[in-house]
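Both complexes shown next keep chain A, but they swap its partner, so chain B is in the first and chain C is in the second.
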Partner chain A sequence: MVSSMAETWRRHREAYLLLALPLAIIVIFRVLTVGGAFWISVVRYGPRGAPFVGLANYAATLQDDLFWRSMFNTLYYSVGVVPLGIAVSLGLSQLIFNLGRRTQMFYKAAFYLPMVVSGVVMSLVWLWMFDPVYGLLNWLFQQVGLEPLLWLRSPKTAMPSLILMAVATGQGASIVLLTASMGSIPDPLYESARVDGANGWHEFRHITVPLLRPTILYLLIMGTIGSFQVFNSIYVMTSGGPYHATETAVYLLYTYAFQMLNFSRASAIGVILAVILALVSALQYRFVARGSVEY
Partner chain B sequence: MSKREYRRRQFLGYVGGLAGAAALAACGATPAAGPAEPGAQERVEAASEVTLEWWEYPMWEGVTGQETVGLSQDDPKRAEFTAADWPNWAAAEFAKDNPGFSAKVETLTWDEGRNKLTVAATTGAGRPHLFLEDGPVIIKFAKVGAMLPVELSAEDQEDFFPGSLQAGSSDGKLWYRPWLAGSRFLLVNRAIFQERGVEDLIPTEGDRLWDFEQFLEAALATTFTRDSGEQVFGYTSHFAHSAAHFWVDSFLWGYGGRIFDETGEKCVINSPECEQGLQLMADMQNKHNVMPPGSAGLQSTNVDTMFYQGQLAMMLGSHGSSRAIRMAKEDGTIPNPDAIDIYPIMFPSKLPDIQPSVYTVFMGFGQFDTGTDVEKATAARFVDFITNTENAKAPLAANLLPCRKSSSDVFEGDEFMLYALQAMNFGHEDTLSPYYDACNRILNPMWQAILSAERTPKEALAEAEERCNDLIAEIQSA
Partner chain C sequence: MNDSQPALAASRNPSGAALEPRTRRRGRRTSATRVIAFLLLTLWALVSLFPLYWVFVTALSPPSVVMSTPPRLIPDPPTLVNFVRLFGRSQIFGWLANSAIVSVTVALSNILLGTMAGYVLAKKRFPGASIAFWIVILTMMIPGQATLVPMYLLVNKLGWLDSLRAVIVPDLVIAFSIFLMKQYLTSFPTEMIEAAKLDGAGELRILLQVVMPVAKPGIAVLGIFTFVDYWNGFFWPLLVLSSSENLTIQVGLSTLRFQFTTDFGLWNAGAVFAMIPVFIVFFSFQRYFLRGITIGAIKG
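Coming up: the complex of A and B.
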C-alpha cells in the first residue's frame, strides 16, 4: 500500500506539485474563508476577543421573525424567478433555434446584452420604468386601459416587480446554453417522430425538453443558488422595503453585518443559507436528474 | 495539444519564489496596537519618519474646492483635482513644522466607506490611524474598544458648538475632534408657490416656524395638475432610504414625541404624540393625497428628480441643498432653472407649545487604537492641527457647516447657509442616543408600513417600541 503510494508519488510528483498552487489558492480563498465564517458564527465576534458561544447565534437567528420573513421572501423570489425564467428561456430558445444562423446570433446577442450591463445600472433604469407616476410601465398600462400599479412602492407588488425584472433581463446565458444544447440533439430523432405523426409541440415536449434535462438541471441549480443570493437589485431599488417586503436572506445578512455590526449573527445566517442551498441543490439533482434520457 | 514539460529545478524555483514573496508580505504586517505610553509625545520630535494612514470621505475636489468651479462635469481639467487634494495639502502644511511627517490618504466612497471602517473597527485589521466619521458612529466604534479618547484644551472646549461635542461624547469621554456639521430642514420651491399664487403661505419671519395646519394648507395648495397633464405634489420625501429618519422624526418631535427617554437607552416611541405625527403622514398620503402614490417605496433619487423637474413643492433640505441645486442647474440636470427657486424653512410643529426639532449631524476625526506610541501621539497632534480655527473652515468648500464658533463668520451674505447654521439650534437629543442608528433599522420599515396602510400608526408604534427595546437589550448584553 505504502509502496504503491510512493510509486504513484514518484511517477506523478510534478503533476501533484503543479496542482499544489491552485489547491493552495482554493484552500486559502475558499475553504478557509468558509471555515472562518463558520467560526465567526459560533463566537461573539469583536475586537476585544471572540468568546465561544456555541449555537447561540443560530438559536437567536432562528427565533428572529425577520429571519423567517427574509427566508420566505428569498423562497418567494426563487420560486418566482427560477421556474419562470427557465420556462421563458426554453420558449425563447425554441423560437430562436428555428431561425437562420445570422438571425439567431442577433437574438442571442440581444438577450445576452443585459447580462454584460452593470446590475446597478440596470436597476436604475428599471427604477424609472417602475415609477408609478412617471414610469414607462404605467404609461403602457394606461395606453391599454389598465389601472396603474405602485410596483416597487407597495409591499404587495414590490417582490413581483423584482421577479419581473429578473425574468425579463436575466435569461441571456440560459438562452445561449439551451440553444447550444438544442443543436446537439440528433436530427433523426425529430425525423422519426415526424414519420410517426408528431407535431411541433409533441417534438418539443417529448424530444427537446427530455434531452435538454441536463442543461435544465444545471440552470435550475445555478439559478436557485443565484436567486438565493440576490442582493444588488434589492440594495439599489428597495433597500429591503417597503415594510420588509423585499428583504431577502442575503440582504438581512448585510444589514446585520454592516448596519448592526453583528458579524456573528450575519455569519450564522450565511451558514444556514449555505446549508439550505446545498440541500435544495441535492434535492433538485435527485428529482430532476432521475429519469434522464440517454441517446 | 503539446504538453509543456517542467524541469524539477525550474519548478522548485517558481515555488521558492512564491514562498519568498509570501514571507516578505508577512513581514509587512502592521504591528500590534497597544495603549500610548507616557513620554511618547517627546519621542515624536525624535522620530525621523512618521507616516499616518488617513481615511477620508470625498468631501470636495481641489484644495479650496474653488478649482473646479465653472468646469463642466466632462471637462478634462477636472481630472487634475481629486478629493485627496485638501488632505494632502493639510499633511504637507503640518509637515512644515514636523519634518519627517507624511500622511497616506485613502479616499473612501460614500456607499462603502462606513462598511470599510466598520470592518476595521470590529476586526482590528488594517485600521488607519485617523478617519472622518459621524460622532455617534465613532461612539459605536468606541464601545467596541476600537478608539482612542480625545483631550480638549479649555479654549477648544469653549469654541466648539456644544452640540458637536455632545455628538461625540460617551461614558464621560470625547471620542473625536469635531470638524464639520450639517442640519436638516424643509426646502421649498417658491416657483411652485408663485405659480399657485400662494407664496404668502411660506413662513419667512425669524426662524421661519409654522404649525402643522399651515404646513398642510401649503401642501394642499401646491398639489395640482398642470394644463399639460403633469402632476405636481405638495410634499414628499424618501421613505425607502435607510435615512428616512432625517425627516420623519421631525414630525414626531413636532408633536412633542420622543424616540428615547432622557438616558437615550430606552425606546419610548409608543406615545400619543408620536401617533399624531405618524397619523398626519398617513393622512397626507392616503386622505389628502398631497404625496405621490406609493411614497413608502420612494428613494431619495426619485424625490430629487421630482423636485428638479418642478413636480414637488416641498421636500427635505440640508446644508448641501444649495450647492447641489446650483450644480444641477449648471450641468443641466435641472432642465428649467427658472422653475426651481429654493427657500429653506423649518419643519412644522405644534406651535406655540412645542418648538420644532430637526436632525443634525456632526462629523469629526477619530483616532483608531492602532500603530506605535509615536504614531498615536503624532496622529493626535495632527488631528488638533486639521481641526484648528483656520482648517475648520475648509469644509465650507463643500457648503458644510463648521463646528467652531470662531470659524462661523464666513457665511456673511449667504442667506441659505446662514439659515442652515440657524437650523443647527433645533437639534434633538434623540439623535445622540447610541441606539439611534440601530433602532432606525427597525423604525424605517414601520413608517413604510403606515404609509402603505399595512399597519395603523398605533399598531406600528407598539410593535416598533417593543422591537427597539429588544434590540437595545441585545446590544447591551453583547
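Coming up: the complex of A and C.
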C-alpha cells in the first residue's frame, strides 16, 4: 500500500506539484467555506462562542416578514430585468445581423462599452440622472409634456427605475452571443421558408428564435443567477429603500451580517438563496431545454 | 492555433456559433425597413452610451451649472474645478493605486495558477485527477453570497481585515480560471509536449516555454476579463476594507456618494478616473472582448 502510494507519487510527482498550490487555494477559500456556511447557519455565532441551535436560524428567517419582502423584491427585479433584457437583445441582434461587418462591429462595441464600466460608476451617474429636481430624466419628461416622477424616491417607482437602468445598459454581452449564434443557423432553412411564402416576422418567430433556444436558455439562466444577486446598485442608489421597496435578498443578507452583526441569520439567508438559485436554474433548464430543436 | 482560429469558442459555445460576424441578408429589405433598423439601433446606442458621456460632461462642468436647468449637454464653460476639489477631499490616487495592485496581481496570478492547474487537468492522467476537476466545477457553481460570512470570518481570523491581502489572496486563482484554461488546453497538440519532454525539458519548463506562448489568445482573454472584473469589483472589497487609505477605487467612490450626498460634479470626477483604465483596456483589446464573451459562455 505504502509502496504503491510512493510509486504513484514518483510517477506523477510533477502533476501533483503543479496542481498543489492552485487546488489548495480553491479548497481553503471555496470548499471549506461552504462547510463553514452550513455550520454558522446552525449555531448562534457570537463573540462568546457558537452554541448549536439546529434549524432555529432558518425558522427565524422564514418567519421574518422582511425576508419574504426581500424575496418578492428579488423576484420582481429578476422578472423585470431578465425577460425584458432577452427580448430587447433578441430584437437588436436581429437588426444588427443584417448589417455589414464593420457596422456590426461598431454597434456591438457601442452596446458592449457600458458593460466594462463598473456597477458603482453606472449607479452614480444614473442616480444623478434619476434626481427628481436636477436630473436629466425629469427634464426630458417635461420637454415632452409628461409628469415628472420621483424615480428612486418613491416606493412605487424605485424598483422599476432600477430595472430600467439594468435593461438599458446591460445588453452588450447578450447581443454579441446572440448574433454569433445567428451566424450558425444554416441559410437553406430561410430559403425554403421563403419559397413557402414566409415573411420576415415568420422567419424570426419560427426559425431564428427556436434555433437560438440553447443560447436563450444560457442567457436566461445566467441572467437569473446574476439578477438574484443584485447588490451594487441597491447599495449605492437606494440602500434598500424607500420603505424596503428595493431591499433584495443579498442586500438583506448584507444588513444582517454587517450592520446587525447577526452572522448566523445572514448565513442561513445565504444558504437559502443558494438552494433557490440551484432550483430555479434546474427548472429553467428542464422547462426550456425540453423541446429544443436539432438542426 | 492562432488568433484567427477560434477553435475553442466555436466548439464549446452552447450553439456552436462561429465567432467572426458573418453577414447574410435575410428577408427582403426595403429601404424603409433599413432606415427604421438604423434608427432603432442608433437610438439604443445612444441610450447605452449617453450615461458614460454624461459622466464626463458633469465632471467637467462647474458646480453651479451642474445644478441648473435646463441641463447643458456640453460642459459650458469646461473647468477642472471638480477634479481639484476631488484631489483635495479624497484619497483618489491611493484608491487608484490600490485598485491597480489588486487587479494586476489577481490577473497575473490567475493566468499563472489557472494555466498551471488547467494544463495538468487537461493533459495529465493521474489518480485523483477527476476529483480535482469536480472540485473545480462544483465550486464554480456556488454563488459567492452563500459563503460570504464564513469567508469574512476566515479573513478576520487570518488578521487580514482592512488590508489588500483580504481582497487578493482568496482570489489568487478562482475556479473559473482553471476551468477555462483546462477547456482551452484540451485541444493543445500533445506531440509538442512529448517533443519537449524528449529534449529533456521538465514540466515547469514545458508549461512556461512551450504551452503558455502557444496558448496566448486564451491567456489574453483570461487576463483581460480578470483585470476588468477586479478593477470594477465592489462587494467583497466593501466588506473587508475600511480605512480610507486602504480602499479600492470603487469602494472609495461609494464613500464619496455618502459623504457628499448631492455633489454630482465631485462624484463624476471620481467616476472618470474609475473608467479610464477599463476604457484603455477595452479599446486596445476590443477583439478579445467580443471573443471572450463567446469563450466565457462555456461556463454554462
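As a convention for this text, the second predicted complex is superposed on the first by the 265 of 295 C-alpha atoms of A that agree within 3 Å, B and C clash if a C-alpha of one lies under 4 Å from a C-alpha of the other, contacts with A are read in each partner's own complex, and residues count from 1 in each chain.
By our rule, contacts are C-beta pairs under 8 Å (C-beta built on N, C-alpha and C of every residue); 3 or more make two chains touch, one makes a residue touch a chain.
Values in this document were obtained by computation on a predicted structure and should not be read as measured data.
K.L.:
When the two structures are laid over each other on chain A, which of chain B and chain C touches more residues of chain A?
P.N.:
C
K.L.:
Look at A:14 in the shared chain and tell me whether it touches chain B only, chain C only, both, or neither; answer first, second, both or neither.
P.N.:
In the superposition, A:14 contacts both chain B and chain C.
K.L.:
Who does A:44 touch here: chain B (first), chain C (second), both, or neither?
P.N.:
first
K.L.:
Using the superposition on chain A described above, determine whether A:127 touches chain B (first), chain C (second), both, or neither.
P.N.:
It touches chain B and chain C both.
K.L.:
Check whether A:151 is in contact with chain B, with chain C, with both or with neither, and answer first, second, both or neither.
P.N.:
first
K.L.:
Which of the two partners, first being chain B and second being chain C, lies in contact with A:108: first, second, both, or neither?
P.N.:
Once the two structures are laid over each other on A, A:108 reaches chain C alone.
K.L.:
Just checking: does A:242 make contact with chain B only, chain C only, both, or neither of them? Give me first, second, both or neither.
P.N.:
It touches chain B, and chain C stays clear.
K.L.:
Touching A:22 in the superposition: chain B (first), chain C (second), both, neither?
P.N.:
second
K.L.:
Tell me the contact category for A:258 with respect to chain B and chain C: first, second, both or neither.
P.N.:
both
K.L.:
Touch check for A:284: first (chain B), second (chain C), both, or neither?
P.N.:
neither
K.L.:
Where on chain A do the contacts with chain B and the contacts with chain C coincide?
P.N.:
14, 17-18, 21, 45, 124, 127, 131, 134, 258, 263
K.L.:
Of all residues in chain A, which touch chain B in the complex?
P.N.:
14, 17-18, 20-21, 44-48, 60, 124, 127, 131-134, 148, 150-155, 158, 237-244, 255, 258-263
K.L.:
Write out the stretch or stretches of chain B touching chain A in their complex.
P.N.:
6, 8, 11, 15, 18, 114-115, 118, 121-124, 140, 144-146, 231, 239-242, 292-299, 301-302, 306, 311, 437-438, 441, 444-446, 448-449, 451-452, 454-455, 474, 478
K.L.:
So in the complex, the part of chain A that touches chain C is made up of which residues?
P.N.:
8, 11-12, 14-19, 21-23, 25-27, 29-37, 39-40, 45, 88, 91-92, 95-101, 104-105, 107-114, 116-122, 124-129, 131, 134, 136, 139, 168-169, 171-173, 176-177, 179-184, 187, 190, 194, 199-200, 203, 211-212, 214-215, 217-218, 221-222, 225, 228-229, 231-232, 235-236, 250, 253, 257-258, 263, 266-267, 270-271, 273-274, 277-278
K.L.:
Quick one: which bits of chain C touch chain A in the complex? Just the residue numbers, please.
P.N.:
Residues in contact with chain A: 13-19, 21-29, 33, 37, 40-41, 44-45, 47-49, 51-52, 54-55, 58, 66-71, 113-114, 116-117, 119-121, 124, 126-127, 129, 132, 135-136, 139, 141-154, 169-175, 178, 202-204, 207, 228, 231-232, 234-235, 238-239, 250, 253-254, 257, 262, 264, 267-268, 271, 274-275, 278-279, 281-282, 286, 289-290, 293-294, 297, 299-300.
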